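In the two complexes below, chain A is the common chain; its partner is chain B in one and chain C in the other.
So, the complex of A and B:
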């Protein structure tokens, strides 16, 4: 299939809902098929790319940070950006700027940028398809 | 004729709205549209043979293709042998292909 451009809207904050994992899985599948993907992160989802996410130990289970091997969404998204490059595609990640400011998560990983709903409108207009994964 | 891809991430015992989503899918199909329901996350729980399995028979009669996410099944320890008739195991690749075809995609 020819390269397509898909846009996804994500809204859930990290570490909270399976919808985040499903959304990232969809992005991964699209990138592996060589498609370009734009993600517009609204609300809590702007923290998915927050650069200061940190692994931690688990004293209850007696494990240090390395043993705990805590998954961090920022690392998953960085890996998705690498997957895009490996497959000739592009992952554009846009965080809602107002949502970022509200939550104080302005320090994002490289490749994530801030934008506005106008960017979502432009991405949706330019895309072959758009999927909104909303909160409930 | 339009084509639709409906992701269902909940099961009927979790939300009364799920039955309405199935009805939406069946209605769209009966009106001549091409419809896929893609069960994902807890949406796959109802894909097991159960008292709610008749929902899939109704969808199949209406011409709806019901796909169930293999990853979500594995997460929940549901083997293929437990699945109701009328559902097919799929990967997200198939969902992406349908999105790339331009199907109208909705997430429930």
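So, the complex of A and C:
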């Protein structure tokens, strides 16, 4: 299969909506097949790569923090970047810079970079297809 | 690549952002050379209504001095060459008539949408 370049726009904040997990599933499937993916994180989605996300214990589940092993979007995205590298592809993660500033989530994991709507347009123009996962 | 932006979720975070994020990003991408147009459906048809006024918000002693001005944002998009459409059925369902809408905004019936979508190479539904 010829290598493709896909662009996704994600917009939901972490821990809010199943659309985020669905988007990450699509990215995972593409990266496992060696395709290149660009993500433009807009609005609340810029917090997906926030480095200070922290796991917690869950008394309702009766588990301490280690047992709970709480999944953090930043770790999933780091894992997706590693998956891309292992499969000869690339996951480019661009956070809308203004959205980052207004939310104070400038400390992002390595590999996540700051950008603007112009970067989204350039990525979409260079891609085979683009999917917008807007919030509701 | 000719792109259609579809907005159906209206007034989602406009007070905090002082605009609609999709209308905003459309303006920003237009400035970067994008060829894009806008279709307002559902509650977002109200974005095209003349004379909206979201001013006056005050929490404690903190006033919002720059409320969203969606009408002006749409006008700027039109001035930059973007076409702005509303789904007429959605406008009518909300009691809006042609005279209520901004000059330059075009109407489309729901039945016209499939053929209309065929004019675009890319459709982004936000």
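Everything below uses one rule, namely that the second predicted complex is superposed on the first by the 133 of 136 C-alpha atoms of A that agree within 3 Å, B and C clash if a C-alpha of one lies under 4 Å from a C-alpha of the other, contacts with A are read in each partner's own complex, and residues count from 1 in each chain.
Everything below uses one rule, namely that a residue touches a chain if its C-beta (ideal position, glycine included) is under 8 Å from a C-beta of that chain, and two chains touch if they have at least 3 such contacts.
These numbers were taken from a predicted model, which means no experiment stands behind them.
Participant: Clash or fit: how do chain B and chain C relate after the overlay on chain A?
Facilitator: When both complexes are placed onto chain A, chain B and chain C end up side by side without any clash.
Participant: With both complexes superposed on chain A, which partner does A:1 reach: first (chain B), second (chain C), both or neither?
Facilitator: first
Participant: Kindly classify A:11 by the partners it touches after superposition: chain B alone (first), chain C alone (second), both, or neither?
Facilitator: second
Participant: Considering only the touch criterion stated at the top, classify A:19 as touching first (chain B), second (chain C), both, or neither.
Facilitator: first
Participant: Kindly classify A:116 by the partners it touches after superposition: chain B alone (first), chain C alone (second), both, or neither?
Facilitator: It touches chain C, and chain B stays clear.
Participant: Who does A:35 touch here: chain B (first), chain C (second), both, or neither?
Facilitator: Once the two structures are laid over each other on A, A:35 reaches chain B alone.
Participant: Just chain B (first), just chain C (second), both, or neither: which does A:134 touch?
Facilitator: Both partners.
Participant: Once the two structures sit on chain A together, report how near the CA atoms of chain B get to those of chain C, whole Å.
Facilitator: 6
Participant: Where on chain A do the contacts with chain B and the contacts with chain C coincide?
Facilitator: 130, 132, 134
Participant: Over in the complex, which chain B residues touch chain A? Could you list them?
Facilitator: 7, 9, 40-42, 71, 91-93, 95-97, 99-100, 102-103, 105-107
Participant: Would you mind writing out the residues of chain C in touch with chain A in their complex?
Facilitator: For this pair, the touching residues of chain C are 1, 3, 9, 12-13, 21-22, 25, 28-29, 31-34, 122, 124-126.
Participant: Quick one: in the complex, what on chain A touches chain C?
Facilitator: Answer in residue numbers: 9, 11, 42-43, 116-118, 120-122, 124-125, 130, 132, 134-136.
Participant: Which part of chain A faces chain B closely enough to touch in the complex?
Facilitator: 1, 4, 6, 18-19, 22, 25-26, 28-30, 32-33, 35, 128-134
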